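Please find the structures below.
In the two complexes that follow, chain A is the common piece, with chain B as its partner first and chain C second.
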Partner chain A sequence: MPVTTYYLLKRVAQMAVALLGASFISFTLFRILPGDPVSLMVGPGVTEQYIAELRAYYRLDQPLVLQYFYWLIDLLTLNLGKSFRYGVDVAPLILERLPATLELVFVTLVIGVSLGISTGVAAAVKRRIDSILQSISLAGLAIPHFLWALILVVLFAAILRVFPASGRIDLGLEIPRVTGFYLVDSILAGNAEAFISSLQHILLPSISLAIGMMTLIQRTLRSSMIDVLNEDYIFTDRMKGHSETYIVFVRALKNALMPVITITGVQFAFLMGGSTVVEKIFGWPGIGNLLFTAVQYRDYTLVQGILMVYALIVIVTNFIVDILYTYINPKVEFK
Partner chain B sequence: MTVMEKTLKGSLLNSLRSKKILVGLVIVTVFVFTGLTAPYIAPHDPNKQSLRDANLPPAWVEGGNPSYLMGTDSLGRDIFSRLLHGASVALYVAATATFLTGVVGTILGIAAGYIRGKIDELLMRVVDIWMSFPPVILAIALISLLGTGINNVILAIAVVDWTRFTRVVRSEVLAVREKDFVASARAAGFSTNYIIWREIFPNILPTIIVLATLEMGIAVSVEVLLSFVGLGVKPTTPSWGTMISDGLSYLRTSPTMLMFPLLTTMVVVLSLNLLGDGIREKIDPKLEVFR
Partner chain C sequence: MAEKTNRRNFISLLGVGAASAVIFGVGGYLLGSSGREIVERTITQAAATATVTQTRTQTVTAPTTVTTTVMQTVEAKPARLVIAWPFEIVTLNPYRFSRNIPVESPMAAIYDRFLSQGRDLIQLPGVIESWEWGPEKTSLDLRVRQGIKFHDGTPLTAEDVAFSLQTMKTPPNAYAGVWGVISNIEVTGASVVKLTLSRYDPSIIAWLGFLDAFVVPKHVWERVGPDEFGKNPVGSGPYKVKSFKPGILELERFEDYWRGVASIKEVVFKEVLDPRSRAVEVEAGTSDYTLEIDINDFDRLSKTQGLRAVSQLVTDVAILMIPTYYPETGNINVRLAMHYAIDKESIVKNILKGHGRVVHTTEAPGYRAYLPDFSFPYDPNRASQLLAAAGYSKSNPVKITVATFKGNFPRDYEVMQAVVAMWREVGIEAELEVITIAQHFEMRNTGKMKHAHFYVWSNATGDPVNSVGHSQWPNSPFSTWRGLKAANLTDYSGLMDEATQVLNPVFLEKDEEKRIAAAKQAARYVVEKGLVIPLYQLAQLHVMKSDIKYDPWPQGWVLPYYMTR
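Here is the complex of A and B:
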């Protein structure tokens, strides 16, 4: 077997183990706590027989190990159970909201990564910019996503009134659902008005999520860039008379980006977490908002399902980042 | 004065020369003082409603009442008094959650780093899996099971955040245990317990202090976040989070209702981070504590 195939298989196996662990934790969390979920979901005046039926339906009358086993099989077949509140399957409920969340996260990544890289390079090359960025970067790291979201709402939606405060698109505008990503769907439909409207709506929530990531990338890239620029091959490039732009953006950046890829993967989980509250603040109809509704109505199957979807997104993203890192960086050995 | 005391005094004075530490320390001191004395210094009962005095602007704005320094909210409660009491809540959560998280995380980190072997492998696997859950989401899921209330908020923070300590402490212990003085202590036949607490612990203590300071900042923001979405303290407890969420509904008519708790939270969280980052720069500029 070629080394790379072996490496890839090993990573896939590791990902499977991580998913199994995540499923185990989210299963136990909802089982070890005192209280029977059925008694929480039914109201007063329900017959004992109905409760017994419900318990049998949710397999609560079986041993824990078997319950977990059944739940795992259900997970694999994407059967996440029925929502207590909505009375329908959890999986389609989540899938319907998922594109909104993914679109928000994707735009956040584009903004965060591009601004992070450009300011990081600027800080490494220009002293003046560096000292300004250094003094404000701690705020970017320390202040959580939801506080940025509130600041932006107050500033741009309430005081200046230049951006809408909530929703994904102006009321009354409709676009046919193809991908579920409004920015893509509006282009597919050739609807410029809808595109601009959804862009306006996504800007504030994605910026409030992107600030933390941008700062972290900027700080990481700054220090790795300074290291790389002091290496011998850069010196050789200068001797050869390459332009400074070429040296910085092509020769140095390629190597300096390595730690940035790792840090983006680590940061991703926090971004997903922050997105829930940001969705709530901006009335963004994604799975974060759904989570709050589920929690409010004590809809445990839905909460559990959403928890697993978030874990899945984070684990798969980290897997992709890992693979990307290995393939871009020639120094990594496949072990 | 012994040599030890001199060095300690020197390093304390020296650390005050760092602007980050100085600014952070001043504001954090004010925060801690306010949190401890809020019931005595607050001019009004934070929950006393007076619809006649509802939605008053700050005292220095026209129409303000000098008795209500920062104005009142939609139920006529004094914003300034609520902010002071909110500091008590934030401080209580920050202190207890950080203590709990720190003790659990540090013990597990030392176990993994010093004993190594199977325990280390198992713990690091668990840490990896734990960190694949976005922390905010894990906290929300926990609260949905435990129910709201200040003690459950503290518990949720500890259950979610112990990995931060465990990871960093473990790698510090791994570095320290290879040092000569640990080897000689082992050769001299000292017990494992003695080596851990007398030789290793003092060397990782500065790192733990940095982590704890930053953890307090996280705990404050998690408490505010959970209370903001209605999953934190009880609605009757004055918290900056509930104040912010109340204020959001009156954004257009009385923006001060939102601005004061929002700015206070930001300043406190930022100064805890300034302090933590300042100490980090002093002890080990290469230490990776921001995730």
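Here is the complex of A and C:
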């Protein structure tokens, strides 16, 4: 069997095991927490008999192991069940809101990675601005993203009023749904007004999420870059008379990026989780917002569904990151 | 040479960075909704003489007449109104999920209830124009109003009413348990629906104008199914759905609405779950109306030019639930001392900043079993005496644990911190434990409550069944007694049977006058026996643009139909 095929099969198997583990954790974690979902579902005046019927309807009267088994079987057929709270199918509910979260995370990645790399290179190459960037990055890391979100929303939406406080697009603007990503769909529709409006709406939430990521990348890349710039082959390049731009951006950066790729992969997972609070603050209608309420109301099926989607995305992302390693650094091989 | 190149690169990087920053800043500003207009508006606002336009509504009493006629005389002025909405809107299926009263508001804009309700909480004719009890009050004839149209133009009929009721009582719909009391639904004439009840339920009339009691068109529901109906609903309410996508519900007025066309042409419910962001929404002018914001934001916005802030007392009463399956709280002296030691006026004034009203029973003003002449005084000396009689003092305090929420209701945790401090002054050493609402329900159901639980009891119906009744009746699945019975615990108060006898008439008495009199007696009884400590009535904080003419409702819902600009 070719090494690449073997590697891919191995990774797929690992991903399946990881997903199974994630399913077990997302299922049991919530059910062992105190809190009765059925009591939250019913209004006053109900009888004990009705409560028992409702428990049976949602299989809550079954042993946990059986409940897990049934849920797993449903999961294999992509049936995430019905939301305890809303009574609607969980899968379409998540799919409807997932693009909003993914769009937010992708734009955050673009901002975080691009600013992180540019400032990281600047800090490594020009040491005189390093201390300034270090101070800025300390603030970036020390202040959590939800606080950045509040600062940004107050400053830019309430005081300066240059950005909208919440939502994905201005009211009244309609874009035909193709991908669910408003920035992409507005381009596909050739609607500049909708694109600008979408961009305006996504900037503050994504910046508040990107600040921490940017500073982390910046500090990591700076260290990595300084190490690489002191390597013999860089010295040889300089002796050969290559321009500094070529040396920094072509020869050094590619090798210095390895830890950045690792961080970006890890940060992606954090962004998926971290977006929950930011979505709430910016009224961003993604699955984070949905998760927030689902947790409050012990909506087991919805929480499990969202957590499984998170898990799937994170696991696939890590897989992609591993593939990227081999592209960036030929020394890394499939094994 | 290398140094020179470095500097060049550095300058390039700086240049790119600076240019990006400028593009970002200026671009963002220019992309902003007409930057110049914003500057002008800000300058105008700064120059304007600030006039505080805070309105405070302190009672739930109001004229009992239906506002229908008022709406018909108001000249329709096309306008769009954006409401920064504190709750998620996931489905518009009116029967699916259990919710608090304000969450109903978008549904109430789209659908009509069987009965409507006045500001005084009295049930009024709605889709059902009259109703009549049968013999023994185990059947009810509902006469359906003629001439009502659904948004698709089809007439609302008795069949639709019967179908809606039948759907509501089918599990797993949220309030199927409530409607389960209806054993048979029959259309007995062109416009009459007969309900047969399995037992007398005095609150059934109130429920016909409450929570999920909305009428849906049978033909649409059956054609598309409940899930699709929840996405593209058809009602007979004052507004029909223009578009519904995640986070945004856009409504447009229904021109054939039977009560008269709404004044506001378009209404948008915009999902903004964070209270600070909602405050920013109205402050920045991107939303016209919001509610349930932080008290500090409310006070700040009430002084903002162009905004009107209204603190509306609503039908939510904060109470301390006291289970009697602990020896400490089984002692009536301890329970009453806990009540005497709480300075409620101080809590409302200093912690809630006046946004609330002290109550002395579970029944707030406007409720049918409200007792205007009854009060339970703040008397720390009396509390100390009662504790001494129970064998406790400041040097030998009674030790209890109290469960509270944190952030579910305005300043809930801070209120309980103050209560704990007040108790400490008389010899009650309480430890606060923060729980979630889900935990509260589970603890209540399984007999694992702490010595006292902070809880907010809502009763927009005004009927005592839904306040003192279900909160205190030992046969109710919502009282502290439920857990005691479920876990077979000891009732150290020895009051369960007596409480059952006192509260039974609230549910069983068929003479309405006698039932309300019994409910008043019960409301007094549970307080005098220390089975509950009523604290205060909550206020709902609304902020709106000052050109909006609207008085918030004591039920807590937001009804755009009654708004004009």
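Keep in mind that, in the parts below, the second predicted complex is superposed on the first by the 294 of 335 C-alpha atoms of A that agree within 3 Å, B and C clash if a C-alpha of one lies under 4 Å from a C-alpha of the other, contacts with A are read in each partner's own complex, and residues count from 1 in each chain.
We take it that contacts are C-beta pairs under 8 Å (C-beta built on N, C-alpha and C of every residue); 3 or more make two chains touch, one makes a residue touch a chain.
Quantities reported herein were computed from a predicted structural model and do not represent experimental measurements.
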Considering only the touch criterion stated at the top, classify A:166 as touching first (chain B), second (chain C), both, or neither.
second
Per the contact definition in the header, classify A:226: touching chain B only (first), chain C only (second), both, or neither.
neither
Partner contacting more residues of chain A (chain B vs chain C):
C
Chain B versus chain C as contact partner of A:298, first or second or both or neither:
both
Which of the two partners, first being chain B and second being chain C, lies in contact with A:50: first, second, both, or neither?
second
Touching A:158, do we find chain B (first), chain C (second), both, or neither?
both
Looking at the overlay, what does A:87 touch: chain B (first), chain C (second), both, or neither?
second
Which superposed partner A:150 touches (first chain B, second chain C, both, neither)
both
Classify the contacts of A:8 with the two partner chains as first (chain B alone), second (chain C alone), both, or neither.
neither
Touch check for A:126: first (chain B), second (chain C), both, or neither?
second
On chain A, which stretch or stretches are contacted by chain B in one complex as well as by chain C in the other?
150, 153-154, 158, 280-281, 292, 296, 298
Within their complex, chain A touches chain C through residues 34-37, 39-48, 50-51, 53-54, 57-58, 83, 85-89, 93, 96-97, 100, 118-119, 121-122, 125-126, 129, 150, 153-154, 156-158, 160-168, 170-171, 174, 196, 199-200, 203, 238, 243-245, 248, 280-286, 289-290, 292-293, 296-298
Okay, in this complex, where on chain C does chain A touch?
2, 5-10, 13-14, 16-17, 28-29, 31-33, 35, 38, 42, 80, 82, 84, 88, 90-91, 93, 96-98, 171-178, 180-181, 201, 203, 207, 211, 226-227, 230, 243, 245-248, 250, 268, 270-274, 276-277, 279-281, 283-286, 435-439, 441-445, 465-466, 470, 476-478
For a test of understanding, state which residues of chain B touch chain A in their complex under the given definition.
20, 125-126, 128-138, 140-146, 217, 221, 224-225, 228-231, 244, 248, 251-252, 255, 258-259, 262, 265-266, 269-270, 272-274, 277, 290-291
Help me check something: in the complex, which residues belonging to chain A touch chain B?
17-18, 21-22, 25-26, 29-30, 33, 138-139, 141-144, 146-147, 150-151, 153-154, 158-159, 216, 266-267, 269-274, 276-277, 280-281, 291-292, 294-296, 298, 300, 303, 306-307, 310-311, 314-315, 318
